[in-house]
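A, B, C and D are the chain letters, set down in written order, and residue numbers restart from 1 in every chain.
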């Protein structure tokens, strides 16, 4: 009795799977960003990056040599099908994220999903995708537990909080080894999920690395940061690591100058330091600060430089790390869809599981893209870039450096 | 409302998930139906205090949050089914309601509103920094169902009917309240505390009753939210927008009426979803321009809520001389 | 010495709180009306300053005045287009209407100016001075002192001028004022104009040293609510005192207990005070 | 003695609204309280009705000391009152307004409703019972206040200018209503400017000025009391001249 059922089931499944292979001329992907609310700047920049990504994939771009799918128009394995992205605003609300994910899957019948910035929204949105069996590629949400729930349909390209913490600790250890005085660290993190998870990881990892670590937690919405700066001035750490958003980081730089206190080195954890308004606002005060980024535009002639120019032409701003990670995730997803040769979610899932991209095939400075069983990219990594003049230059690790590290920072002096 | 006027409404609500089942976007519409009911529950719960008794709380998120946090807390720390946290959440809400209500009910009007804002913000900030409660990162429910008792469903339909059941219960309670001495006293308190006292209404005590009832059901709404969403953090559970949403929905439909909150939810939630779906992707912020504009216009031109429109026509008919009818 | 530094910084910030709250308290006391869009007025003041700095140039005086004038105009328009009708309705309609207005204004700014953070170009105002060992940033000092002067000026204008006393007469008793030949409508429009203008100019002053985006209003609105309630509805000196106290408490608790506790302490004390003295510090029972 | 107020005083800051006033009312009496505007009559009423706690003095109702007890306790004991500015529940129907009063002695909805229907019948509001109270004019609202208090089953009713602003015809009907209420065995204390009402209803009148009782006695005598005339005319008030 069992066999015929199994047989019929197999046929049914095969038939069901076979249908989508007859390629439609577009592949639909749903992308969820925070386009309104407090995180709108990040969401909007990410959306612009995805739009650029679509253009790169759908039209032939022979100048972007080495970047998978860029040189051809559309997805070759699907008969040159174009990618269509449905942009959605999740408003930073976990419930809206859930609702819109459901809509994208059931109503728009997207082949895969992309998102999402807020870790809170990532948690709820990926759960819907898991229930419906649609791959969800995370571009930039860093909370560890997103990929720790045994989900089979969630893939995360970006490095996560612990990776950042490891990178900072590694960097500071190397500095110490070269004879620089790096003993005490103070972490200033804002107190929403981003700052809490990244700040907490740094404190934990750096302590294990043998550093004397202190932590100052604050609310990024405050109009005044002098109390924190005064505390920092009292603690006098060798290195201060800032984990915060835009307005607060700009205020920190100004207030540090006002109170005339400069640590030997400041490391900014992306976000605020990478915001395009950071350099115009406080670039002259923050000379020599380090920023975490897996993105570097690189030298003229390189693929990344060309991408940055294209982005600038669209938005008038440089591509930053956050948007870069989104775009990279989108390219990884497109590559998987192409390899799957199908818009069937299960095949895309399988292709994602088999992803093995080399550094040369990436626009971001990861060591590659390869997912473990939990869906986390085990080759994700990051650079440190340093503000020298009006631009950030990659300074660490040395293999990727475009400029020499300046130590200590010079700030406003 | 005529005696059996609610029947078609009830039938429509019962049939809704089936009615849309054939549609292209069945799952999405069913999910939205559940969200409408959830919003209606919160708003109807708020309405008991804010509508009937006229005490405008802008801090009901603290009760909603208590309801949303407890189920996920018992799961997070002890792997218990979230369902077990529901009564706990209600209990916490009632305690909070007593603690908040007792002193603040000496205050009237805007002072009460400000006090509730302040307490709710205080709770949000404290929870946002309290590791046991997940701090800023929030709490998660089970990632996948371990059994029916986790109440995790792929489809929104079971949630829809659970929410509908709770809403029916709440409306039944509200209806009973409205008809009973409690309801009359609450409306008297809203209309004028001094006059109410002069007629023997123990104002503070009745306000407290209304608050407890309102807090309990708001907490239940929070619990249902957490069960469906599987996640809560300080913003989504305790943020000021959670409170404001309840007020807007109740006021839009008609505060102090039985079906106003449901009507408000039936209009506002689809409006929010539709504006976000159609306009949100552009990223221009048009979603909120439209949403804010609509709210403003309704407040400007129909300050008593949309149910008032209907009322004006019906009361004109009902208030024939010699015939005694109830307007509300 | 550091403590003194914290105190001075807190007071300077508090003066700004006092300025934008004094506008809110005026209409609150006068019309028993909560304006949930007040924070958005502050935000728009910041953008008005930005536009003025870009188009007209000049120092804080220029863009402060531009913000004040622009917002005064907006306040009057809002009064005639919306508030005049809504204030006759129930309190809920008031909350609803100004909340809708807040969203509308916030996202209109979002649409026009993009959600990104911007800062004001301010070459004329930069650097720090050291006063008896206390380091003060010049922009903050200018903003704080200007705010204090403006708030006191507003109080004097209300109590010492003919128009001011007419305004207060309407606040006191609308009907009696009408009998005295004062037109409440005009006075209320004026109050909305003044309220918006004070918020706008406070925004302009804060913009000197504070990066802003269309979303900043919410923080200010909550602060203003606390300040106004603390000071007593309708009392400009109350708002002044309460603004300074809130600024001071925030600074001290951030310094003593850690930055995340500053709002906890403010709200906690606020709730406690409401229980002990519901009419506010300088309000009348 | 049904009600006795002894040396009741109420100060607002330095202003003495009521400065040691006495009032004793026997069961079944109708007592009038007159005096110029601002004499402190309403504040004195508020003290008796528990609306404000007197600064000093004592209020005893039916042998129970009610000084400083909340207004609702006064109402439960049987002191009902109306307000100078009518405080009807404007969003509620007239019947519902009366039912709020009726609920005090009849917790069940049905009984409260029956009682309220009786009262609206008696007070002549039956025709409009389904209308919202906000639709009534001042005379209607004053009548509604009386009905509401009546429904609460008081033994003593304090009427604060319940007939002000009425036309002569309406006054006549109101006087009849008050007589009918009195006939139910309810004691009345009325504050009134209209001497016609005082003269036709009351046997005993107290005159209030500047927080004191300056005269008391039969209405006709009091009206001719030089001190009373002085109190009114001296302040340029003509209300008592007739």
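Just so we're on the same page, contacts are C-beta pairs under 8 Å (C-beta built on N, C-alpha and C of every residue); 3 or more make two chains touch, one makes a residue touch a chain.
Just so we're clear, the structure is a prediction, and the values are computed from it rather than from any experiment.
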| query | So which chain is the furthest away from subunit A, centre to centre on CA atoms? | reply | D
| note | Check: interface with higher C-beta contact count, A-B vs B-C, is B-C
| query | How many Å are there between the centre of subunit A and the centre of subunit B, using C-alpha atoms for each centre? | reply | 37
| note | Separation of the C-alpha centres, subunit B versus subunit C, in whole Å, is 32
| remark: Separation of the C-alpha centres, subunit A versus subunit D, in whole Å, is 75
| task | Would you mind pulling out the distance in Å between where the CA atoms of subunit C average out and where those of subunit D do? | result | 46
| When you check subunit A against every other chain, which residues touch at least two of them? | 36, 40, 44, 191, 217
| query | So which stretches of subunit C touch two or more other chains? | reply | 107, 110, 115, 260, 263
| Where subunit B touches two or more other chains at once, by residue number | 129, 285, 287-288
| message | Give the list of subunit C residues in touch with subunit B in this complex. | response | 28, 32, 34, 82, 85-86, 88-97, 99-108, 110-111, 115, 214, 222, 225-226, 229, 233, 260, 263-264, 267-268, 270-271, 274-275, 278
| said: Give the list of subunit A residues in touch with subunit B in this complex. | reply: 33, 35-36, 40, 43-44, 47, 86-89, 91-96, 98-100, 102-103, 105-107, 119-120, 123-124, 127, 130-132, 143, 145, 149-151, 191-193, 195-197, 217
| query | In the complex formed with subunit C, which residues of subunit B make contact? | reply | 50, 56, 58, 103-104, 106-107, 109-111, 113-115, 117-119, 121-122, 125-126, 129, 240, 244, 247-248, 250-252, 255, 284-289, 291-300, 303-304
| For subunit D, which residues count as touching subunit B in their complex? | 49-51, 70-72, 74-76, 80-81, 83, 87-93, 95-96, 99-101, 103-104, 107, 109, 112, 117, 126-127, 129-132, 148-149, 152
| query | For subunit B, which residues count as touching subunit A in their complex? | reply | 24-28, 31-32, 35, 128-129, 135-138, 140, 143-144, 154, 156, 225, 229-233, 235-236, 273, 276-277, 280-283, 285, 287-288
